[in-house]
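Alright, structures below, take your time with them.
Presented sequentially are two complexes of chain A, the first with chain B as partner and the second with chain C.
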Partner chain A sequence: MLAIQLAITGLQTGALYALTAVGFSLIFGSTRIFHFAHGATFVIAAYLFYWVYGTGWGLVPGVLAATLGAVLFGLVLDRLVYVPIQRHEGSFFTVFVASFGVGIAVQNVIGMIFGRGFTSVSTPLSRSAEIIPGVYVSPLAWIAMLCTALLLGALHFFLRRTHTGTALRALADDPELVRTFGLNPRRIAATAFVVGSALVVPAAIITSATTGLNPTIGHHVMLISLAATIVGGIGSISGTMLAGLLLGLAESLALLVVDSQWTEAVTFAILFAFIIIRPSGLLGRIAAH
Partner chain B sequence: MTAALEARHLAAGYGGRPVISEIDLTLNPAEVLCLIGHNGAGKSTLLKAMFGLIAPEAGEVRIDGQTVTGHAPREIAEMGVAMVPEGRGVFASLSVTEIFALGMHATNVPKEARAERVEWVLGILPVIREFMDRPAATLSGGQQQMVSIGRALLSRPKILLLDEPSIGLAPKLFQDLLAPIRALQQRDGLSILLVEQNVREALKISDRAVVMKSGRMIWEGQPEELGDNDRLMELY
Partner chain C sequence: MTKTSPALGEPLMQIRNLDKSFGGVKAVQDVSMDLRAGIVTTLVGPNGAGKTTFFNLITGNLARDSGQVTWLGQDTAGLKPYRLARAGVGRTYQDLRLFDGMSVWENVLNATEHGAFPMPISRAHRRGRRERMEHVLERTGLIDKRHTRAIDLAYAERKFLSMARIMATEAQLWLLDEPASGLDPNSYERFLTILREDVAGGVTVCIIEHNLDIVVGISDRIAFLDRGKLLADGDPKTVLNDPELARIYFGDRA
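Right after this comes the complex of A and B.
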């Protein structure tokens, strides 16, 4: 029974990892910007939901506030930090350091406003019910899996069936050629930030209502996103999604054999194994360097 | 007669390093003008500066007499200019159908005209029909070049900038590729600025030629005059 319980918990965690990681992978894959502050997007969305919902505004305003905050943060960061650095031909490393700095700043500001301790949102959907003897699942677990399936299905449709989605894939291939076609790469990159940041929101909200939050949770989210992007294959959205699920399941099932403090180490063991044995990842074309 | 495309005292480069300077170039309507020069002569830089891919440091670019210096490629494309870049010119992960759709979306081809426009291009380059649904990465160099040219033609441009279309192609394939473009130029009055290292083949279809060296124009005239100039022909 414990294995089934852990597998279901792992699927829920993996679904949320998949959403955040696909958001990062979409931004990184199409813009080549190492958006380390993606974790900060998660923190902003989660705390905005916590604040709006917790002050009695209700679920829908909470979700809207979290979405608006996440999307605006991604867009503003792109416009005010990444675009100026790239305009001055700043290196990949410069962008990474700037993004890392913004992530730390967000973490500190959230800590000052909401406190540095653990906090969580209690909703009627958080309570677990026994589905088979000894196995407890909360409605939020089903919502997490359903939400992930729907959003990633919608993302697939967007990337394959719309001009903007096709342009995003084109940008990932060759930004210079995008300009030759007469398209505006900055505008397409902004779309990547909007979509990638919005994908974080369900994961942030469900996490705030299940495992809880603290201002440093963004680092864990970012590390998982990075690991899933590499394990899944850089540039492969489907690969990243699979890797997110795999990492969530592995972290959870590892509890059968190791103590909970080692679960993050399991993620990195998988990451290192892929870097050494299969650097192109599950479905990727480019080797991770 | 107003020039289709012209550069006046044009200078451009990368990161403050000048590559071309004092370029005075005129492309007349319905003319094929061939730009010749060694690697590093500045031919591709000139094309990029004229299409807005790099900002000129000095001088002026005009389309139909209208100044477009510093305009974005999108604006220049909207004025009837299309560019086929050096190299593959296609997005590896997209299918040919997707590349064509994106090209027409980028240049605001009306939705109701898109199917007819694709058929028009397939009439000019019929072989593309065989691999419309394949990802561009799986196509040969010649097929990719055809797709790149086909995509540029979809906007029905008045001016076509072709940057080294022969790279990686067998001479016969290059001739096959140029023949329909030459026919289009003669039939529809398309103006073509052709950058080419395969000088003999390029001159066969050109009305005029310009030779560039170290970022400057050093000779301009009729292709047959260039053929008579032993010193230049030896060089190029």
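Right after this comes the complex of A and C.
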């Protein structure tokens, strides 16, 4: 029974990892910006929801505030940090340090406003029900999985079937070339930030209602996103999604053998295994050079 | 910049005293040239003469050291390459630079007009775009391969996909970098037909080409570049019959 319980919990966690990681992968894949502050986007969305919903303004305003906050943060960061750095021939490392710094600043500001401890949102949906003897599942688990399936389906449609989505993939393919066709690369990049940042919102909200929040959660989120992007194969959205699910499941099922404090090590073990055995990732193409 | 249609022979793009050096090497030196509406200009010259660099300079993909380029009477200095592309300057690349992982259709879609991006466009506009894309793919013989990934196409098909993209841009000026090199005779005929139709339809072409049969067959005018300098610019027969240019082009054998 424990294995089933852990598998379901793992799928729930994995679904949320998949969403967050796909957001990062989309931004990194199309803009090549190492958006380390993606974890901060998650924290901002989560705390905004916690604040608005916790104040008693209801679910819809909470979701709206979280979405707006995440998208604006992504856009503003791109505009005020990444664009100026890139304009001055900024290296990968400069972008990384700047992004990392923003992440820490956000973590501290959140800590000052909301305190450093654990907080969580209690919703009527958080309560678990016994679905089969010994296995407890909250409605939020199903919502998490459904949300992920719907959003990633929508993302797939967006990238494959719309003009804007095709342009996003074109940017990933050849950023110089899109200009030849009259596309403004900055505007496509901004679109990637909007979509990528919005994808973390459901994960942030559901996490705030399940495992709970603290200001440092951004680091964990970022670690998972990065690991999933590498394990899935850089540039592969479907690979990242599968890797997110895999990491969530592994983290949960690892509890069968190890203590809960070691679960993050499981993530690293999987990451290293892939780097050594299959560096191109689950669905990644092997780089030509 | 607004799109206007100048009369035949009016200058679309005026290039004055263009200069570019890479380190100590002068890639383009003091080149001046007019690209006139409806005229097919061919750039010839030995490898390394600066032909592709010249394209990169006039599209703004490469910053020029000095000189002026005007498009429809307006200075293009400081104009971002994507703006100039939107204003009507299209180009192809010698190495094609297709979006390899994308289908033929998606490659062409990315070349269509993007003025409103990322805002959705109207249904009527979308239908017009689809019809235009289908038309372009029929003319290039790629309509049955529209779902094929670019990387899976044969060599000639890849060349035609590169052409299909510039056709879909509705650019007024086409800068073509060796579009016909390596084509088999049938494909080559098809390419000439397309080019002639579009020139008749009002497109202005500047083309880099090595094959002198092609050059004579389609050019109104030949510009001869060597080591970054424009050595001759004029009527094809006059330029090609110049013994000095022939010596440079073919080496001392001729």
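The rule is simple: the second predicted complex is superposed on the first by the 285 of 289 C-alpha atoms of A that agree within 3 Å, B and C clash if a C-alpha of one lies under 4 Å from a C-alpha of the other, contacts with A are read in each partner's own complex, and residues count from 1 in each chain.
Going forward, a contact is a pair of C-beta atoms (placed from the backbone, for glycine too) under 8 Å apart; a residue touches a chain by one contact, two chains touch by 3 or more.
On a predicted model such as this, the values are computed, not experimentally measured, just so you know.
A.B. asks: Should the pairing of chain B and chain C on chain A count as a clash or a fit in the superposition?
C.D. replies: clash
A.B. asks: By the touch definition at the top of the document, which applies to A:Thr267: first (chain B), second (chain C), both, or neither?
C.D. replies: Neither partner.
A.B. asks: Classify the contacts of A:Thr191 with the two partner chains as first (chain B alone), second (chain C alone), both, or neither.
C.D. replies: Only chain C; A:Thr191 stays clear of chain B.
A.B. asks: Touching A:Ser138, do we find chain B (first), chain C (second), both, or neither?
C.D. replies: neither
A.B. asks: With the two complexes superposed on chain A, say which partner A:Thr166 touches: chain B (first), chain C (second), both, or neither.
C.D. replies: both
A.B. asks: Looking at A:Thr207 after the superposition, I want to know if it touches chain B, chain C, both of them or none. Which is it: first, second, both, neither?
C.D. replies: In the superposition, A:Thr207 touches no partner, neither chain B nor chain C.
A.B. asks: Kindly classify A:Phe181 by the partners it touches after superposition: chain B alone (first), chain C alone (second), both, or neither?
C.D. replies: both
A.B. asks: So which positions on chain A get touched by both chain B and chain C?
C.D. replies: The overlap between the chain B and chain C interfaces on chain A comprises residues 163, 166-167, 169-170, 173-174, 176-177, 179-184.
A.B. asks: Help me check something: in the complex, which residues belonging to chain C touch chain A?
C.D. replies: 59, 61, 80-83, 85-86, 90-91, 97, 99-102, 106, 109-115, 117-118, 120-121, 165, 169
A.B. asks: Using the touch definition up top, name the residues of chain A that touch chain C in the complex.
C.D. replies: 163-164, 166-167, 169-170, 173-174, 176-185, 187-188, 191
A.B. asks: For the complex, give me every residue of chain A touching chain B.
C.D. replies: Residues 89, 163, 166-167, 169-170, 172-174, 176-177, 179-184 of chain A touch chain B in their complex.
A.B. asks: Residue numbers of chain B touching chain A in their complex, please.
C.D. replies: Spelled out, the residues of chain B in touch with chain A are 15, 51, 53, 72-74, 76-78, 83, 85, 89-94, 98, 101-103, 105-107, 151.
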